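One structure, pasted below without further comment.
Should a chain be cited, it is by its letter among A, B, C and D, assigned in written order, with residues numbered from 1 in that chain.
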């Protein structure tokens, strides 16, 4: 299969969206390396307890990592049982004396599930989470930078009342921050096992009085701990939670990029992806500047989010396990991989993110006159008007049909006059300068950024 | 619409799977009651800060709960905006003076999202979680009762090595316990808000210097707190996490019932649903005893589990909110409702759960002779055999083709003799009595039950 | 349970989104009526073949429909088997002689699955499909009406090249038309059965030499036919296809409403939902006009689309059936119900659909000057320029940085001059009047509308 | 990236489940080849209409296929627009004169979507469908071979009434047959396009009076036709239908393998996967024979079935297209790939499928005595008993508690005697030999197999 290149692959994750930094964790080859680590850890604890000699352990530790994935798959042609093939390959490389201690008392799943938990944990800790944290920092930076940039708030795609662009970005600081805490927690909760064929430690009980202690020590070597119970497989919920946390974070990012590509619409034009000099927007319309990265990320989310269904389906495994999660379980790394690929692309856009403050101002100006409806109704109510909302609603409808603005109609309205006059001058100012009607947008932006910076500090290594 | 009965409904959750205990939380009528509670709490904090008088608050508190859902929907014909209709109805019931303080500074979503968080929280705390805890206790009871009941462990639907039935049940004690902790945590994390039309406190800033403090106090009245940020809507992730936790628990239960209905198969017959005296198994086969409850529950899981997709989709809402989560969000209680309905049915089966220990023994006996393959290979390895697994594999194949059992063939095998003789007598006993080869199944069952009893203690009120 | 009203329901489909026209098909009560029809049809064919007398059939035909759903559920308390309860209730109402012919040879699923196929078929044929066809006609009307209305085409949310608004609408004419053909086909393919407890006609073989003929005749009475095989249940794929077709149509509609609510954005403003006089846009911002119906429909789609997962999961039923599709199967009508509810709302918006042609023109004008990039590159290429795309791309970038428009820069460009001069005058006109660069948008709109009107003709009854 | 091997991939579809026969369709390299075919076809029709000379077409036809995927991705580093990069690479290889005709009037999506439809169509037609048909034949063969093999029918996992194993298999013949017709139909319906940047033929209108004719001719060269409308992209529903048909077929197969692995349970043992001589069942339990292929296939189904969600999500694309389906759309081939991989594995099991007729007989014998409940109730009813079902239900309960069989209790029952004596002798025989109570199982099996052989004939090439 050599001479093979990435374009001879089918999965976009193996060419277009490939993340080289994740190869040490997620390739099939990496999987084997991790399984071998588990086998070595078992031998180590055997030696510690005098089951085998230190020398034999040292031999296993030295020889096992030499086993190649090619060797294993060659052996697999015979065994049709890859984990056994791996054991056979290690055994072939060590002395007759050491051979029998390889994999002793373990069942394949002990090694396989434990290795997979390690792979996912290490990839998350070393690559995925740091990248997400880097993105979070870019969001914080952008939020703070634009904390005072006036933007019209939008609900239902309609102009509502003003905010600042930084405040809008701080939404994502907060939501992504929350999702990252969840992810970190789920990552710390991934579990391993060494409980034998049915989870009841039958085999290891032949060697140890306290086989749970044996399990604990092996897992500790690998930085893991056991769940409160296992069958032949680790309880699936820890992995389900982990993928859920990844999906949760992806959902936040999907919302962010959808927002951004909407703000990049020609008619809105408030933000933009930076664009390479020779980059082509369209193969036939040379003038186009498209939010391709934002769109690309939303597409990856649509592809990977539904995979949670597979995780939920894999919660059911008959009795002490059926194997129907074995093939589906092999795809589980793709969610983390795809998310990381998306995050990397987004980072590069964030590093070159265009904000058009002038355009934001212009867009706001267009709705300036109607924006005051809300503060007006509240100020009238505070001034004693019993049905201020309804009164302002009618005034607005009237303004729509006339050439006059709300404020002018207001001034002319006798019924409202008494209340209008009671509004404190200072408050009235906001009706004249609706760009001041932004609540605590700026202060809140700062607060959110400060809060999440602090909350996420412990996640950085 | 009166004279209506439950059979004139379309959703099975409104007739067949209806849970009357959940009506105070999940009906449309209940929704309105909760929204009114939020409006009252707002008035209360107004009074506290002197925005309105205590008397006006008392009036609102007294009159608002009198508003009926019928009134609201009558008003809604005009407004086509149910939350506004609700506000109008309250306003109609109070004095001119009080009227203007109703809903003042709040946007519909403030009230709606906060009320929904309360509904879900209360239903979970008062009904769903207690029911799940009751089920957990039934599982613990069953596990402890059967902790020494010999059962053949099964992987791939094939006899593997022995466990005890209590140990098998303790798998579900552990997994459900874990899911309940998640659910409890997610329930405590549901959030409310009172941050105005775009989340930036524009309106409440007109009344309060510290509008976040105002929000906090109102939410505190309702037993909630705000998230670190909100737009027009509460950050969706808290609800997504809550539904995920429900789905996680449902997945564990789905696995349990699938296991049980498999064990109830005619050929296995190890357990059974109790059966009413006049209950009919089949409309045409009068002799049938079917695991209908187990099947029923698996069906509800298949219906409700995919709804997580809707939750994930509702993570994306454009800018300060689009309303596309409004109709989908109305279905969100169904997951909790359906789970609770399933749990109730399962409880009644658990209360009348049949265990056929004799049949378990018989099933074990059928595989007795091959079970020893595993301990044999380990004991031979411990005795120095370098390729014990392979040697035993061949021995097993040989036994399959001969009329002799593995132990007899073993005794005759010269190559194995040397190793065989080295096995300590005490260990050899297990080969003769494979029913003793159950590892720490019994002890582990106790430990798991003890652990989860303690862990879940704080969840009981 | 009387005194109950719709607000005491939990499912939004039983109150807010309830469609009274669907009650004769989708309520639990309706389900019982349909099952009774199946029982009557069985008796009819018995009489036809002389198994029972015509008189007994007439008695069953007369008495069976008198059975009420309340009676059945009363009986169900004993049997805990609703279909049997229904049979018992019929039997109680008829003479001793007739009693034994009720349900004879049938298994519950024969009656249940057949009745459900009828319910779905009738609801689709009488309500859902006609409503969708009505919507299709509204789309056709709108498309034809706006076939010449200039609109800027948008890809990636960016202005691309011009089309007409009618052409944009004709996209949905075409896609919805296609989906409706699929739905009609799936509806005609729903199947019934009368093949007994395991699908092998064991029971009916005791009465008939050709039990398949018996099945065919009963189903023919009900307007159905059998599949090529059945177990205890009808092959699930016919229902899966039906729900898929509903989901497919819903997806088209979801795309339409998302497009429309984007076009209703404040900054775009090309179309709008009509708005009631007293309708409230926001409880706090009296000036808002929100695309609430479009949003509402997208939400229903997000809720119902993932339910296809349940249908796919229900494809697997162990051996001659497990019952795990029984509870999930009860929810299956909700997809049709929710779609119909959405379509009704959309119809009312379509009846009052606002098109702002002036705004469309304005939006086009904004991009007028860059639009010519595409025709320019093609005309230059036709005139012999070997790298026209690249040349125009550079020209566009230049224009962006200068105050001059592309056409002016073009006139000044020496390298392009030779090619430019070769472009036929008639073609050059398009560069000066880019609003003419709409291809065959108008003609195509007509063609699409004509085509689908004709294609869908046979679906109207 | 050379020296790379399949184990350095992440997607299991690129190593473990890789199908070399699908490489000509589904790799990235294959994608480029197909896109080049589209570009060549465009040039061909240009020549046909005298837009370019025959010589220039011949040049493009000769040179374009020489472009390598490596070249394209090298160019892509500049353009960041792969389809444009591909066009550039072709242009570099041809004369200045030919260059301008490459891709002229086409937009990237025209080429991309058309090429993808071709890839999926060819892979389905040449590989996936033929493999499924081969599987269907294996099922037919097995069904016919076992058409008279007595097996106990099972509903709810409980013994019901007897069928034959061939009849059970014929269920899958029928369901898979149906799904294959759907797949073939969906495959024939895949569409291409050449309608320009917004689907309104703006660019091609500059060259052709009837640009739809131009489109038709190009697509005809590639064996495709256009849909009734397109935007920048082909209407998504054709692809959704195609993936639905694949998923539908996969669901049938998933049900089959679940059934089979249940029948392979130790306690049932009616069928089995053949097993290689050196194959290892368990790394620690050398005696195990597991249904690993059946499990494996169910796992792949769990992984790929939820991907339909992505297809449904990709139905919505804003206006004349957003690009959010571009990344998700790249994964679409994986469903077909994974299904084909599963089918191949299943074929090899089917070729070596073990049926244990003796065991089937034994399992039947165990329930022999209760099976007669159904025919007994029908015969008593036919003999005039008005409440035969209830009478037999009681008799069965009695038999359960006594040591006597139903038939003996029946003989002793005075109330039933009168009816019992009226049953024709010939019919009574079935009560004594319940193995004859199999309805038309055998005949129906033949009929189903004959029917589907004929129906599927036209699908074979």
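In this section, contacts are C-beta pairs under 8 Å (C-beta built on N, C-alpha and C of every residue); 3 or more make two chains touch, one makes a residue touch a chain.
Bear in mind the structure is a predicted one, so any value in this text is a computation, not a measurement.
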item: Neighbouring chains common to chain B and chain C, by label; value: A, D
item: Chain pair showing more contacts of the two, A-C and A-D; value: A-D
item: Approximate Å spacing (C-alpha centroids) for the pair chain A, chain D; value: 33
item: Mean-CA-position distance for chain D and chain C (Å); value: 24
item: Residues of chain D whose C-beta touches two or more other chains; value: 87, 105, 154-157, 160-161, 196-197, 203, 261-262, 280, 282-285, 290, 292, 295, 305-306, 308-309, 322-323, 374
item: Touching residues on chain D, where the partner in the complex is chain A; value: 1-18, 22-23, 26-29, 32, 69-70, 73, 78-81, 83-84, 87, 103, 105-108, 196-197, 203, 261, 276, 278-285, 290, 292, 295-300, 302-303, 305-310, 313-314, 322-331, 333-334, 337
item: List of chain D residues in touch with chain B within their complex; value: 152, 154-161, 261-262, 264-268, 280, 282-292, 295, 309, 363, 366-367, 370-371, 373-374, 377, 389-390, 392-393, 396
item: Chain C to chain D touching residues, read off their complex; value: 91, 96-97, 99-101, 104-105, 153-157, 160-164, 167-168, 170-171, 173-175, 177-179, 182, 196-207, 211-212, 227-229, 231-232, 235-237, 240-241, 244, 247-248, 251-252, 254-255, 258-259, 262, 305-306, 308-309, 312, 315-323, 374-375, 378-379, 381-382, 384-389, 427, 430, 437-441, 444, 448, 451-452
